[in-house]
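Some structures to go through are shown next.
In what comes next, subunit A is part of two complexes: it sits with subunit B in the first one and with subunit C in the second one.
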Partner chain A sequence: MKKAQNVLNVPNVSEMIHHIKQCPAEFLGQPDRNGRSGISTEALVNDTVRTLTADDTAPRPIDITAAKRSLAELSLQQICCWALSHPFFRQIDDGWLRQFFCRGLSEVAPLVKPEQWVKDEERAEELARIIFAACGHCPGGESEAEAADRFDSVNTIKRLKVIEETKAAMERAQEIRRQMAEKAAREAANVYSRE
Partner chain B sequence: MKPVQGLTDEQRFPLLKDRRLLEKLRQDECGPIFNFGSGDRLDTAALQRVADYSHTLATKEFWHENEQPFWLPDYLGWCKTTVEAYRGRSLVLSENPTLRREQIAERPWQFVSSDACLAEMLVYCTSGTTGAPMDVLFDPVSQAAWIPQLESILAQRNIRIERGPDKVAICLVCHQEETLTYASLSTWLDGAGILKINLNPKDWKKPQDRLTYLEKYNPEIITGDPFTFTALAQLNPAIRPKAMVSSAMTLNEGLRQLLQKQFGCHVYDLYSLTECRMIAVSEKPGIYQLIRPELYIEVLHPERDEPVAPGARGEITVTGGINPFLPLIRYRTGDFAALQFIAGQPCLINLEGRSPTLFLNQNRDFVNHVDISRALSTFSLAGFTLHQKKDLSLDFSAWGTGFSESSLRGTLSELFGKEITMRVNISKELLSATKKVKYSSEINETDLQPCQR
Partner chain C sequence: MKEKPVKSADIKAIRDRWAAAWPEAVKIWNPYVTLREPEWCMSQKMAEKEGLTGSFAMIRLTDHRIVIDVATVQDYQVEDFALQVLAHEIGHHVLIPANNYDNAGLFKRIRIALAGIENRAPLVSNLYSDLIINDALQRAMNLDMAAVYRHLQATCPVASKLHVWYMRTYEYLWGLPRGSLSGPKQLPQIDADASLAAAVIRSYARNWLDGAGRFALLAYPYLIEDKEHQQARDELSRYLDAEKSSEGSDIPGGMAEIDDQILEGIVDPRSEAIASYEGKGEAETDKSDRADKPELSKLRSTSGGTGPQQRYQQPGVYIDMMKQVDPSADENKLVNRYYRDIALPFLVPFPTDVTEPLAELLPEGTDPWEPGDPIEELDWFETALVSPVIVPGITTRSRVFSVDYDTPEKEQPFNLYVGIDCSGSMNNPRINFSWPICAGTIVSLSALRAGARVMSCLSGEPGLFLETPGFIKSENEVLTVLTSYLGTGYAYGIPRLKTPHLENVKGKTHLLIVSDDDIFSMLQAKDSDGRENYEIAENALQKAGGGGTFVLHSRPGWHHGDVERLQKMGWVVHYVTAESEMLEFARAFADRFYRRKGKKP
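Up next is the complex of A and B:
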């Protein structure tokens, strides 16, 4: 990761969080995956790429294969289109965009409800840091080590791995086992047919 | 662990203030000697969830041939993040290992989503007709969803279940030595009556009451298994259901036609499992149409976690469902069929593995294998096989420890009679086969005694 040159005027994380949380409702609409209704994520992503590459006439620079992606990922791609409308991204190299849209969001997207990226402060910060990491710049005012450390602290994927090992899951298992023995649970409910 | 009654009627029907029909069904002088209480336990929020689910069924948008359903990546993501047993799983279905019944039976709590509200948790213990007994966890919504699922099937024939507290909507008829019986109501059907009854004369004050009670309430939908329906046809109550729904084992075409003629209604054969309830329905021999777009079916190689060639037979494997207490990813059902798309609808062809198995006692009366499973569940058996020969003698093999041959013989004698010859073989070694309970028999329907009226 390289530290941004002063001339680039890299926004700090707070500025990016603020920008992400201003995401207009149009970018949060239901993605259309089978040509029936909703937002064409494919068109939105390609418009963003054309703007950032300053090539307004490029015929579909990226094929995101919308039909193969989860709705959560398409929604996150739409939110990223808004995030990348920040003027900073027009000043930097655009070689990272294809990788970012095609592979950068697949793992994290299904783990977070789309609206949380723009409503929840921590998720907005995570998204800001995902984008900074993907484009190879540290947020304004942060060293590379600081940026990596702060990204870890909001990283959903890493956080889930930690939770997997926590006591909470065990406690819940014990509670389920206790309730399985209770009368109210064992009366069950109406059965309508034989299995 | 056996079911126990633990609720008041207010808790069983939080939204139903008018329970006069319930009292009438319970107190009717011709009624059975009910031995249990049950409700659907739907509150306002749960009822709304049933309504939302019913709406999704009405649109019935299935996946297309050679495609996976649109909801799959989101569903796998949800499972991965909220279900302990699925932590670290891939978001690509084919990269997920398959799941077997034994894995759930050992640790059902590991399959509960953290989104599930534990206050809503219900437990149902399966009798173990296709495996060892198992506690299945579920909630009132996934259970009550059975009715909209049935309604979506009936709607294709313009059959409608009436709503309101004037009629019995559904009667589950059993024909067993012993089973839970109750009168209940359906909140989803605005207080319509629900019955679960046993045709065994022991459950009634007078055998004749079985006819009088059924005829008096004339249920709109009769559900049961093929054995019960055979007995019901012989009993021949003057009832006119709108439909009959057979499940638990394959309905023979001859019996279907007999029932259709005798009761003058459509007769459906359901393929369903306790682990996920309804899967597919058949109106004609050999073709089971899938019912639920939110339950994805793969047909896999029995030994490897790979799909068989398109249209080939393999093990039916289930992903999805609406039960937050048991979300399934690639659950192997132990049943075999081929998957084919007919007029754009996914169907199971040549479904096998649920053929009825007939057992007779020394008086040549029918013995339901559910009763056998129930009786044997008191022993800690890892598995067993039971075969009855034409001369009614039994071959019984059991795997496990901590029980004596004489106690097993005693239990089987209570069911079949002391004069039945029994060859018993007990082994400590565990089975490696998928199905750890297997029933087989050389008896066929012509060996059955007519049901006493």
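Up next is the complex of A and C:
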């Protein structure tokens, strides 16, 4: 399954962002979690894997257990199917795909509204970098350290963890602000009130 | 000494290069933008005279000018960035703040967010505006703004947290390597805040007024300490080009009000982020939209909402804000504007004249009738009078009619005397919202609108009084008296009604006195001849000829005998048990006396 990598032309982040933002509306449809209506994420993911592994007849290569996943995660998987349609991913090893679809998106998906991945520049960059990190390649034109630093910068999970960790400091600042506002309002109401 | 002429020649060369770049800088925004070329200050002394200190450029919204300190441009060695700097300054004129009204609106939002440290608002406003403009130039107009910042930051100390956070935001926005603008003092919290600030800048690039509160709340923790704030100011001074952009401008209206949309924008993006984090698995719902938004009523009370429906800032806060927007603003004009803005929705509509034709048409001589004119216009009788032989176009005549309009009898509105108790028991209307002054403003402006003359008088006696020079039509003078403050004595001084202006007043006048229970002590007081002030009140009422009203902050039934005595004279006594009821009184009074011209009570 290993593919030749001697002429590997890794796209840069801007190219991937542009590609992600071109995501057709079909990939953004409501996922079908209960087998009633909507898009079958499982079928889409498996089609993508078949294309990337060049094994068109493989019977259900990945079981994503759609019923157990949140709608946000299924939506993100659909968007990733589009992102992976970039020709670059056909040139590289495909061993990472199972892990990526089964575990790679579950933590970040609920933190971002699905449409933000394709509308918001920063989230599209984050998705591009998630995919690059998962497949083990650095974006074109970036060193490993640069890629890691930039990924850190746009990483929603890390950012929220920092905010959580500094929640106490934030709440203290908010409390100071609230007290200052109330003090000002109280002073204004009392100082010159009528006899 | 030898270097100086060389430097001055350099400065001229820089000025010429920058002047040459001006048309292109305008074109970046829009070739149809009509702005005058900047004022080039060839020395720092000249720049200081124009009010430009610290930075090398600034804008003035009053005359739509840009001022460039060419000498400082040379000092900072930014002479090669003419296009970027000029385009940035133009951005302040065409994008943010663009005009005095939006500039004041921006200050208002940022000040509400910066509760307790409102004096930092100009700094935050300037930083926010710069981010919006620079991001638009860098990303939408492909101008290399990052190069200017890389150049300036190379020689600038980055020690304060606000500075690190601000520059880190640029790094986020433009995908620059960590520390390339923000220096080595990186902290995870600053990093997270910068990422949120970048998201705010992107999200509110168009509706930038709505994002100002969020941005200010992100900056808040870095500005609480005076020392931190001062350090940040010092470090960022070279970028502060729009702090006083509205200096010397007219006072924009509507700034006293805090509307719901403003309060809805005072949300901490950190709380929004945490709310979305806590709503794990529910990203598809709009949980983040509901993030930690306190109720509007709570926000109103913490932000000091006062006046009708608690929708207005306190006058002291308003004056402080407007003085930040325009440090040269006149306090009298500001407080007048404040009460005028609040009174406006309650004024009577402008009177309109209704004219009806008395007769439909009046015959008025004749004109020649020519072939081609409507046949029905041919007046056969007049034609026959000219000649029995009819020659079309020669002897034919047509009748000319004119429309006569009725001139209806015009009723004169009553002049208005407004006397307001300004004794020690009254609020200072410049610091706290005052219902009596608001009511006085509503009735006075309504009277002026209806064409009446107004005399206003503040009195706190024994002690001081302040009145207009007679019955006048100047809105500003009337309001200046009303919004002043005396704080002397115990009640409105009834001897004020002995004014010669009332003795010789032309036309009927209504007397309106706003006071409280203490007015009865004043009425019972005697002058040097042993006569009670009741007599003055009675005489004044007779001379005025248009009736009189006492509005008393009291309870019906109190001072029963005194009230009866006043009523016998012809005075109407109206009680308000809460000061806020004065608003309804003023509205009804204006409606009764001044809606439609001259409607009599």
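We adopt the following convention: the second predicted complex is superposed on the first by the 158 of 195 C-alpha atoms of A that agree within 3 Å, B and C clash if a C-alpha of one lies under 4 Å from a C-alpha of the other, contacts with A are read in each partner's own complex, and residues count from 1 in each chain.
Here is the rule we go by: a residue touches a chain if its C-beta (ideal position, glycine included) is under 8 Å from a C-beta of that chain, and two chains touch if they have at least 3 such contacts.
Note that the structure is predicted; figures quoted are calculated from it, not measured.
Chemist: Output check: A:Ser70 vs subunit B and subunit C. Expected answer is one of first, second, both, neither. What do you get?
Modeler: both
Chemist: Quick check on the superposed pair: does A:Lys113 touch subunit B, subunit C, both, or neither? Answer first, second, both or neither.
Modeler: Second partner only.
Chemist: Based on the superposed arrangement, let me know which partner A:Glu122 touches: subunit B (first), subunit C (second), both, or neither?
Modeler: second
Chemist: In the three-chain superposition, say which chain, subunit B or subunit C, touches more residues of subunit A.
Modeler: Partner touching more subunit A residues in the overlay: C.
Chemist: For A:Asp149, select first, second, both or neither according to whether it touches subunit B, subunit C, the two together, or no partner.
Modeler: After superposition on chain A, A:Asp149 lies in contact with subunit C alone.
Chemist: Is A:Ala54 touching anything from subunit B or subunit C once the two structures are fitted on A? First, second, both or neither.
Modeler: Neither: A:Ala54 stays clear of subunit B and subunit C.
Chemist: In the superposed arrangement, does A:Leu160 touch subunit B (first), subunit C (second), both or neither?
Modeler: The answer is both, since A:Leu160 touches subunit B and subunit C.
Chemist: Quick check for you: in the superposed arrangement, does A:Ala25 touch first (subunit B), second (subunit C), both or neither?
Modeler: neither
Chemist: Touch check for A:Ala173: first (subunit B), second (subunit C), both, or neither?
Modeler: A:Ala173 sits against subunit B and subunit C alike.
Chemist: Could you list which residues of subunit A make contact with subunit B in one structure and with subunit C in the other?
Modeler: In subunit A, residues 70-72, 109-111, 160, 164, 169, 173, 176-177, 179-185, 188-189, 191-195 are touched by subunit B and also by subunit C.
Chemist: Per the contact definition, I'd like the list of subunit B residues that touch subunit A in the complex.
Modeler: Residues in contact with subunit A: 1-7, 11, 37-41, 70, 73-74, 76-78, 80-81, 84, 87-88, 91, 108-110, 112, 114, 118, 121-124, 126, 135, 137, 140, 143-144, 146-147, 150, 170, 172, 174, 184, 186, 194, 196, 223-225, 228, 245, 247-248, 270, 272-274, 277-278.
Chemist: Where on subunit C does subunit A make contact in their complex?
Modeler: Checking each residue of subunit C against subunit A gives 115-117, 171-172, 175, 177-178, 188-189, 191-192, 195-196, 198-199, 202, 217, 220-221, 224, 268, 270-271, 273-274, 276-277, 279-284, 288, 301-304, 306, 314, 316-317, 424-428, 431-432, 553, 579.
Chemist: What residues of subunit A sit close enough to touch subunit C in their complex?
Modeler: Touching subunit C from subunit A are residues 13, 70-72, 75, 109-114, 120-122, 125, 146, 149-150, 153-154, 159-160, 162-167, 169-170, 173-174, 176-185, 188-189, 191-195.
Chemist: Touching subunit B in the complex: which residues of subunit A?
Modeler: 33-34, 69-73, 106-107, 109-111, 160-161, 164, 169, 172-173, 175-177, 179-195
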